[in-house]
Every structure is written in C-alpha cells, then in structure tokens.
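Heads up: the structure comes next, in structure tokens.
Letters A, B, C and D mark the chains in the order given here, with residues in each chain numbered from 1 onward.
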Amino acid sequence: MLKGMMKTKLFWPIIVLILILVINLFFDRSFFSIELRNGHLTGSLIDILNRGAPLILISIGMTLVIATKGIDLSVGSIIAMSGAIGAMTVADTASEGSGPLWMAIGLSLIICLVVGGWNGLLVSRVGVQPIVATLILMVAGRGIAQLITGGQITTVYYEPYSFIGGGYLLTLPFSVFIVAFVFLMAVLLTRKTALGLFIESVGSNADASRLAGINSKNIMLMVYMFSGLCAGVAGLILSSNVMSADGNNAGLWFELDAILAVVIGGTSLMGGRFYLMGTVIGALIIQSLTTTIYSIGVPAETNLVVKALVVLVVCLLQSAEFRRKVFGIGKVKPTGEQKGREGVTLS
Amino acid sequence: GSTDESSGNGENTDNGTEQTAEDTKPEETNSDTEEKESDDQSAEKLVIGFSQVGAESEWRTANTKSIQNAIKDAGHELKFSDAQQKQENQIKAIRSFITQKVDAIVFSPVVETGFETVLREAKDAGIPVFLVDRAVDVDDDSLWVTFLGSDFVEEGRKAGNWLVEEMADQEGPVNIVELQGTVGSAPAIDRKQGFEEIVSKEDKFEIIKSQTGDFTRAKGKEVMEAFLKSDGENIDVLYSHNYDMAIGAIQAIEEYGLKPGEDIKIIGVDAVRGAFEAMADGKMNVTIECNPLFGPQLVELIEKHAAGGEIEKRIAVEESMYTMDQAEELLPTRKY
Amino acid sequence: MAQQLAKLEMKNIVKEFPGVKALSDVQLSLYPGEVHALMGENGAGKSTLIKVLTGVYSIDQGTVTLEGKQVSINSPLKAQELGISTVYQEVNLCSNLSVTENIFIGREIKKYGRLAWKEMNQHAEKLLERLQLNIDVTKLLSSYSVAIQQMVAIARALNVSAKILILDEPTSSLDRDEVQQLFAVMRQLKKDGLAIVFVSHFLDQIYEITDRLTVLRNGEWIGEYKTEAIDRMELVSKMIGKDLAELEAISSKTTDISQSDTLESMLQANEVGLNGKISPFDLELRKGEIYGLAGLLGSGRTEMARVLFGADKADKGKMTINGKDVHFTTPRSAILNKIGFCSENRKTEGIIPELTVRENMILAIQSVYGWFRYLSRAKQMKIAEEYIQLLNIRPANPEQLIKNLSGGNQQKVMLARWLVTNPDLLILDEPTRGIDIGAKTEIMKLMTHLSKENKSILFISSEIEEILRTCDRIAVLRDRKKVQEFDNDRELTQQDLMKEMAGGM
Amino acid sequence: MINRLSLDYKQLPLVATISLFVLMFSFGSLRYTGFFSTQVFLNLFINNAFLIVIAVGMTFVIVSGGIDLSVGSVIALTSMVTASLTMEAQLSPFIVVPISLLVGTVLGVIQGALIHFYNLQPFIVTLAGMFLARGLSYMISVETIAIDHPFFNFMANSQIPVPGGNFISISVVIALIVVFIAMFVAHFTKFGRNVYAIGGSEQSAMLMGLPVARTKILIYTLSGFCASLAGLIFTFYMLSGYGLHANGMELDTIAAVVIGGTLLTGGAGYVAGSVVGVLILGIIQTIIVFEGTLSSWWTKIAIGALLLLFIVLQRVIVWRSEKKHANG
C-alpha cells in the first residue's frame, strides 16, 4: 500500500526527468554515452550527478525541515559560510599533508551544525515563524561569510582541498559518494528508526503529537541542524570544486531551487509525509534542466522562462485534478474533504 | 554601533587580508576621535557620502577599499552606504545623504537609469554629485559634476581587437564561446556589445555559444563544462566578461583534458592579480584592465571642485591591456 | 404525513472511495415536518450519505429529487442555496473567527454597503439564547470548548430559512441540558414544517425525538421504519446484523460496578490548580478504581484532566504518584510515569490526519520507547491488527489514512493508541463520543477489565448514567471547581448528581 | 468594530509592532543628529510606497494561508512594459497605465486558477510565476529603458507639501489610499471575511458553503494587481524599466507582512500591521545609512541583527501579555 503510494509519488517526476534527458539526445547524439577518460568516467549523466550534488544535499535537508511544516531559507547563506570557513582555513597552507583538510572540514561542519541549531532554536523554542527565523540568517549569513573572506574571492592553492568537490574515487566523482552517503544516512535514520514517524506526525499535527508524548521541539531543532549540516557539506563541495571562497555569490538563490526540488519530489509544504527519493529526483530534474539550457544554447535572457514552464508542467502532471481534467485518468475524487490545502498529493 | 563595528574589522584583520588591515586603523581613529581630527584639519574637512553598489565581485571590493582609504587618508569624513545591489537602497542612501547635508556625494549607479529624481533633489540641496565606475543616462548633465570610470564598451572592443590581430593569419572559422556577466547588468551588456561590434566585422569569427555565468567562478565553470560537452574540441576562443568566470572556465577546460591558453585561447576582462597569475602559468592569453583603484584620483577631483576648480564631465580611468608575455614581470607590481 | 409528497428523495445512491464502497444502492426519503433518524454502526455510511447529499462528495451513481424535481448538488454552497442547512459531524467552523462571524459568515448582514457587526452580534446572542447559551459572541471560537463550538455550529445551521436541516451527531459532545434545549428547538422547527435529518448513537434520543428512521449497515440500505413501530432490540439487531439472541449479552446493561478491593492510592494531588482554568483541588486515585468526573459543560472537567496530565502546566499544588513526588511540565513526562490521556477533541488534539491507522496507534508507545528503539514492522502490524479486531475498526485496514476513517472509527483508534501503552492511569475525556453501542459496551468492558488488573481510570463523560454504571467514585465539578465527591454505592442516584452539578438548589 | 472587545488579545502583535517601531525611531533620533525630523519619517513612506502596496496585497494572500513569490518580478515586468510602451511604442500614459496594471492582474488570475483548480501549492505556482515574469521582462529587453515623458516626470518629481516645510510624493498618496481601501475590504466586506475564514480552515470554509474558489482566485488577482500598481509606483520612483528591478523584493514583502503580526499559517493578520512592518524594514535601512560606516558585510549582519532583535522583542511582548490574558 505505502509502496504503491510511493510509486505514484515518484512516477511523474521520473517521467519528466527522462523526458528532459531524452530532449538532450536530439541536440547531442552522444548524450547518454559514458566513457572512461584517464581513469575518470565522464559523460553528461555523470556531470549532472556531479554538478547536482550540492543541490541534492541541501534538498535532502530541506525535505525534513518541510516535513515538519517548516522552511529553511538560510541554506544558501550557510553554503557561503561553510565554503568561506573551509577555504580560509586552508587558504595559506602550501603543505600537502591532509591535516589542514580535516581541520577545514571539521571546522566548517561544526559551525554549520551550530548555525542550523540556531535556526532550530528560534523556531522551536522562541516560536518564531520558520520563514522569518531563517530569513535572518539568510541575510546575516552572507555578511558573515564575506566578513570571513574579507569580501575577497580567496583562491585556495592547497591541493588536497580540491578532492572534496573535484576528486575521483573508483572512477566516479567523489561528491557522488558524499551524496550517496548522506542520502543513505537520511533514509536509515528516518525509516529504520522512529524519527521519520515523529517528523511526519509533528508536521501533520503538532498539538496531537505533543499530547502523544513526542518532544516536537527537539524534533524541529534536529531537522534544522541536519539541514544546516547538509548545507555545510554542499558548501564545502562547491568551494572546493572551484578552489575558492566567494562569500557573496556562493549558493545564491539555492534555497528556492531546493524547495522546488522537495515539492517536485512530492513532499507537501503543508508538512506531514516526506519522500527523500522523490526529492533526489526533483533535484536531478532541476539540475538536468540547467545543464540542458546551457548545452543546447538557449539565449541567456530566456533561461528563466524555460525554467518557469518546466516547473509548471511538472507540478501540473503531479496534480490529480489536472490529470483527470486533461487525460481523464483516475477515478472521480471527492471535491472537498481530501482536497485540503495539501497541494500536490495523490493520496 | 560603531564600537562593535570597528572591533568587527579587528576580526577582519585576523583573517588577514591586506586591504582591510590598511584601512582598519584610520577608520577606527576616524570614528573614535573625530572632533580632535577636525581641529588638526585647519579648514577643508569635507563630509563625503559614498554609496556603493555592493560587494558582488572582487573588483568591486577593491574599488570600495580604494575609495574609502583615499577619502580617509585625505582626512575627510566618510559616510559609506552599501546598496546590496539594490537600486532602491541606493536612492534611499542618497536621500539620507541629502538630509544629512553632506558636502559631496559619490556613487556608482547600480544601473544607468532612474536616478534623475534623486539627483535633482541633490542639486536643489546644492550638493555636488560625483559618478564613479558607471554613468547615468540623464539628459540634464548639470545634475552631476563628473563621471569617473571605465568604458565597458571600449573594454569589449579592446578584447575584440586583440582577437582579430591574434587570429589575423589564421583562416576561419574561429569558434568563440562567450561567458556573459549577470543578465541585464551594464558591464555584461556593454562588454558583449563592444566585442561583437569588432568580431562581427570579419565573418570568419563565429560566436557559437553565449550564456550567462553570473560573474561567478562556479557558474563560469558549470557553463563552460556544458559548452565543452556540446562543442568540445571545436571551441577555439573563450571570451569571459570577467576574471572569475574565466578562472572557473579554465578549471573546466583542464578537467575536460584540453590546454587552456593553447587549445582554447582565453580572453578575460578585469586585470586582477589572479589573472596575472593565470597568465604567468600560461593558462590565459590576455586580460583587459578595468582599474578599480581610482580612489585617489577621485578625491583630488572632489577637492579641486570644492576649491572651485573646473572639471570636465567625463574622465576616463587610465587602463590598458596585458598579454601573457607581460605577465611575469608585472605580477609583483599588481596591488590586488 | 405519508400521503404528502416527499420533500427529498435520494434513490440508488452509490459512493466509492479508493478501496472502500461507502454507499451501495442507498435510498432516503424525507417528508415535511418529520425528524428522520439515520442509524448505523460506525462506518455504516451515515456521514457519507449526508456529505453526498450536500455536495461535499460527488455522487458516483443515483438520483436526488428535491420537491419533485431532480437536482444535482455539486457543492455545499449549492446545497445551502437549495435550502439544505447542515451541521457536519466534526465541528467544521473557523476557530480563528469570532462566534458571531462563524454564525453569520456567508450570509452577513450589510448596512450602507458595509458589514454591520453590531447588528450581527445582537442577532448572534439572540440565536444562542434560543439554545440557552450565553457567552461572549465577540470572542474567538477557539477559546471555547468543543461542546460550545458544537452549539455554535447548530446555531449557525438554525440561522437560515431552510427547508431541510441535517444534524450529524450534534449531541455527541453535549450533555443532557443542551440536548433538551436542542430538542425543544427541533420540535419547534418541526411544527414549522421543516424536514430534519438526525444522526445519533443514543437510542434514548432517537426514540425521544424522531418519527421515522433509516438503517444503514456497511454502506447498504437495510430498511426504513416508523420509530414507534420498531423496538430497541430489533433496531440494534438491524444495525449490527446479528439476531436478537446474540444481542442479549451486549445490551444487558449490567456491566456491574467494579468495586475495587484495594485502597492503595496511586495518584495523589493536593491543591493542584491552574490560574484561570481550574481552581485548586485535592484528588486521590486508588489503584484499580474507576473515578468519574461529572459536571456541566464548561465546568472544568477537561481542564482538570489536562492539568493532571501535564498538557497544561499546573501553577500550584503538588502531585505524587505511588508515593514519589512528580511535577509534570509536558505530557511526555506524564506518559513516562505511565499515564495516558485520550482527549475529548479528537480532530485537533487526537488524530494525526496524514498518518495511517497503524502509525496513529503505535505513536504513543513508540514515543515511550524513544526514536531509536523502533518497533519492528511485524510488531506494529500485530498491535494494529489486534486492536482493529478488538474494537472492530472499519475498514479493517491498518494502512488506511486515518483521516479517511469515519468519526467513530477514528475515536476507536485514539483509544487503541492509549490502550497499547498499557498505562497505570488512563484519563478518558469523553471517550465514547460518537461511538456506536457495540463498541461502547466493548469499551466499558475494557475499562472494567483494566481496573480488575489494578489499573486506575479517570473517566469524564457527559452521560451521567454511563458514569453511574461504571465508576467507583465520582467527583462533581462546577464552575471550574471540584465541589463534591461521592462513593458510588447503590443509593447514589442521577438526581443527586444532577443537583450537585447544577449547584444544589 | 468586531475586534474592539478582544482588541487587547487579537491585535496584540500589531500593538507590539507599533510600539517597537516607536522604540527604534527614538533610538535613531538619540543616536544620530538629523534623524529626528518629520522628513526622515516621511521619507520612510516616500522610499517604500511600492513596498507598502505589495505588502497590502501580500497580506490578503498570507492571511488566506497562501503565499505569493511573484510580486518582485511582477514589479520588474510592469516597469519594463510601461517603459517600452512609453518610450518605444510612444503610447500615451492613458493607454500605458491601464495595460501595465493588467500585467500583474492577469498573471494573478492565472496563478489563482492554477492553485485552486489543480490544487497546486501556492509556493510553487508563484515561484514559477516569479521566474516567468522576470524572464519575460528580460525578453522585452535586457537593457534598462529610461523613461522621459512629461506624465511620468510629473508623477516622479512633483512634491506634495505637508505642514512644516516637508513633502511627500504622489506615490505615497496612492499607497495610503490603497491601504485604507484594503483595511475596509478586510474587515467590512464579505470577501474580506471569507479570506480570513479560508485562512482559518479551507475545508471548514468549504463546508460552511463559502465561495472558496472565487475568493481564492480573487485573492491572487488582488495581489497581482497590487504588484502591478507597486510596479507602476516603482516606475515613477525609478523613471525606468529594468529586468533586474526589485530583485528579491518578495522576501522583503513577506518579512514585512510577517513582522506586522500576520501568521504565515493563515487566518490572522492586519493590513495596518503590514504597513508598520514595512516601516520597520525601512527604519532599519535608514539607521544603517545614518550609521554610515558599515562595510557591506557589516551592513548585512546589522540588518539580520536588527531583524532578530525586533522579532525576539515582539515574541517576548506577545508572550507576557498572553500570560496575562490567560490569568486575567
């Protein structure tokens, strides 16, 4: 039953993803080909995975936040911060030892945890509305990042640092492994323990959850910390990939793409059920869309229009009402009751 | 408040970047011991309002520093406001400069248009306005004293000309890919225009792909990767609207397995220090200077005007163009 | 009235939900000036029939004829325009609006092109007067108890010149007096020639007010009867579909009082209170006793329960459990002390709508285990199936989303959630709300069973006889104050209690 | 009217916000010379007239439990349409103004319809709307178009004097009119109350037989219209059309509305509150400009800090008096 639902949830996003990829085929015959160049698997698909890594990461974090009826606008700034911290810690080390690397990773991840926790505290303890609570960091975070880099775009000359976002392992980009790891952790933590259940129940009805003995405050705190952590990792990948820290532009507007990915993946902004796999697919859709726009030579000024249309199509395809009206798929559904403000759900 | 603000700059120095190190001390003294200073300063201590676009690029930060330091070193009082890339903020800032009755307003417009009203208010309040970096298109040029800054279109032309010479003996087609700046931003539009103006004269040149990289390294790299995927070896030239995108692109090219500077000729704008490093190790062929360090030049103008001197409406920042072979010896001399 | 032409005819109504056939070939006919009961177990299809009639759900098959001509009602708005006024099962009002607004929204009074709040407030007060309820109508609805919200919903329904009035379990959270007020009004409307549909699980009420009744079972139409022509036994057998013999067991009202033998105290509260909610009270609960709270609407029973459970933090007094001091700041701390609390407000404080029946059931026990020790899927299934079986929850599918269950079935799931935790003290606030007779007796049995196992139960109910029947001791609350405590020996009568509740005149 | 009796409780966030605004203003006045002047206060309105107008529209959307991210881009699009029609097509303002007001309105209708009939999430639909509007304005032209036309110059430059030698702009008057109309609509029309009802519980609203569909579509239409009107005001303010205008302003708007005491979950909020919210953001800006020494990152940090300070204070005030309310 649940599996069945998951399927329907994932069905349309997957279709769209395939569609976008196939479109590329018309412009570039070799689009799906993957070859082994000097020990690295290369090919558009690999690139999409590789480039998409940061987005997938923050989307995973965002999914849990949204499942609790929350939202995290600060991820973009956190990316900038963690990148800045990471890069600055290794900026003026010329050594080849991996010591500074761990230093950088440790430092920025810890800080990102703290920062995420800060969001969590504002939301769960002070009771600030998520969008505003995280808006604060969205603004201030970039400032802090620039403060760290002194407004410069600091270039890193420390080779090992490039491994995080640029390195290869077993012929695959290392970032792919990072994503896989985080994703698995998230799935294990939420589905093999009761966390997932608690998150969903808090998101679906916080009062009732409290009366059922769930410590909803801590749950919220946790998801925001996790989101912060994910953003931190993403930040490291991004900054390591270009071997520099850019406080002002790193991760700019990522938050919107992340939220988009989550919703495309079938998780409702009204909280409750969440679908990590869906999110990943959503993120991949967005990334392959971007790559497509670049590689098929869409004029720069029309990028946004194209994006808008695709987003609309995905959402419409997911809307049961739309499918019924247009293709007449699916039985007639109750007009009211089920159709709360839950948005795109097929349940 | 100003106290935590200066201490903040303290932190800033810990993070070790010369520019901030330089300007911290004067700034602190400035904010702490104003009156005393003004006593020392016999006459002529001007209050100057400076409204900067933001800190969107390395170039911009350097520019800000240069102007800030120049003003303070000359012992004038600085009122700085950062518009966070928003025109409305900039207008607000200028308004409040007017209400604060500063002696001169310096600002680099976010865009050329839309400042007429507020400039008129400034004029009515009898405050001279100095435009830096970007012009405003207002018919009534009595609204500002002078415009000091680079000519983006000219930069584009320089890039084009260099390419034309470079490729003179090569018969086409020469496939060019272009990394634009942020869509709609003045430098992006003008640098594109100037460049196309030149290369379009010869039809062996073809701009096969042109996409925005938002002036950032990450985007520049991502876009270049996509270009390489679709057009690979038959890309001959990369024209990048700024240095950061060029660096990103260079990384992409290397990862793709080509030699930047040889397999693909690379033209970048902004002769920042990094650009020279890149050229020094042969990864970039030419960089067109767009000089941000005209602070002192500006302050002179302001003082001159305050003293009642005549100033012409358009003052170009002296800029030039540097190629690979010059890079080595010039590298040490680059300030930023 | 039979020769009159029917005001409303519903024929061969079919309604399916994914996986559930809620209505198959159901019919209903209403005549002017009658009160018509819809009878059936939980999940029989009563509410669905009503929602189909009022256009909340679209009809899969069947016809609706209103005063002779066929109509298609596709939205509640349309239904209202056709003169059908409805009170749905759950309180369906906007708690963020004032009482007045809730009564008038959609048909506001205007004056010089703007809404005339003064007039509306006055009207609202008059309307509630009619139900003997005088409350501040400008206050937010959310500041009132479910019971009052229910009354407001009724007032709203009365506020239109309707031809047909539909009341889906309006009495489930009301107590005797309110019910009488409601009936008085209904009789009045009946005289005026309205046709009234009335749903309730209380047979007494059915026999008191209704003229005819239609029985549904598992979404099927069983029959239509004159109320006085069919006796309880027969009616119940029609509803549950068992023959009279089997029923004797259930119906035998002698679920005798489980006189607890031990006097060992389990929970002790002295001078516990919460400013503005409930004035300080002493309370001792013994092991293995069922302790009843009786009181009128708003008397503070729920508050007392919530304070004991830590849902509201007590601001004075101290509590001990099995001798050791406790101070509950959150429900969690209470639960960890093996206390359970089944709220009276199922919709907002009970169900987790987006989750399945299974997940809703195991929520409390899981929160005791903590997030790390996740019950295995198998265990969860076992629990779910066990209680679905025990309380006969329909549809018997653990993976059905709870929001798709009928009201009564949701209530059963809530009970299951707490029974699973096997608490030492179980606080039940109106646990039998909207539950059918079969399940009700089942729950009574469970309670006595628990008390036999030396567990204690705090039982709140608006049905005095229910309390009298099951409780060892009974406290009476009035105006947020504990005013009396009775030992429930044979002499204690309803009258005694009622006097005390009303304020012993 | 309706709220009078329970004012203390229901309007609490609003009261808190206003008092905090006063607090901030006096802080500025004490700290900076020339801050405490009527003109500084009036400038808050002059500089934020457009923000006030979108905030009004946004208030309705958020109260109904939705959200509208497209407003910022609609401003850009409107300014672009206005500019190109005036300067390139050489049309008269009497044609241009109505057309540009239609831009957002139409987009609003479409968004509303999508959200309601296909049961899509407002956040996403309006996000798409945001991309679309900005994309379209780029497609009109990536370059900025300066407007030089007597009508627009008049709207931009004419100053309406107010007692004490100060002045306001025409846009301010427009904005204030919008605010008053909105207040009336919110509290004294059926539509207004339906919005609150839907925000409280869409399902209940539907069961109560309220015209949910119509209302929801109307809400987004209204918001779209306000966005366009704001776009027009913005165009007066800037005398130019530009694809990058009002970048990210949707967030400022949402912040203003929420600061003004409106719940993002819907059902509660006041137009007046949103106006104060805008003023709060404005005054934060002003304070920073007057501080006049903040580097661009310290500016960002300062904005965040002030925002935080404000929100926490607001929470505290609300808490304390909620306690009082409970005990009273």
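The rule we apply is simple: contacts are C-beta pairs under 8 Å (C-beta built on N, C-alpha and C of every residue); 3 or more make two chains touch, one makes a residue touch a chain.
The structure displayed is predicted, hence computed values, not measured ones.
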Far-end chain from subunit B, centres as C-alpha averages: C
CA centroid of subunit A to CA centroid of subunit B, Å: 33
Where subunit A and subunit C are represented by their mean Cα positions, the distance between them in whole Å: 44
Separation of subunit A from subunit D, taking each centre as the mean of its C-alpha atoms, in whole Å: 29
Multi-chain contact sites of subunit A, meaning residues that touch two or more partners: 146-147, 151, 247, 301, 303, 336-337
Multi-partner residues of subunit D (at least 2 other chains): 138, 142, 203, 206-207, 243, 295-301
Subunit B: positions in contact with at least two other chains: 8, 54-55, 64, 183-184
Set of all touching chain pairs, with the criterion as stated earlier: A-B, A-C, A-D, B-D, C-D
Subunit D - residues contacting subunit A, complex: 65, 114, 117-125, 127-132, 134-136, 138-139, 142, 202-203, 206-207, 243, 251, 254-255, 258-259, 263-265, 295-305, 307-308, 311-312, 315
Residues of subunit D that touch subunit C when the two form their complex: 1-6, 10, 184, 187-190, 193-194, 196-197, 199-201, 203-211, 267-268, 326-328
Touching residues (chain side subunit A, partner subunit C) in the complex: 1-2, 192-195, 197-198, 200-201, 203-205, 207-215, 271-273, 331-332, 334-338, 347
Touching residues on subunit C, where the partner in the complex is subunit D: 56, 75-77, 79-80, 86, 88, 92-98, 100-101, 105-106, 108, 114-115, 117-118, 136, 138-140, 156, 275-277
Subunit A - residues contacting subunit B, complex: 27-28, 37-38, 44, 47, 51, 88, 92, 146-155, 166, 238, 241-244, 246-250, 252, 290-291, 293-301, 303
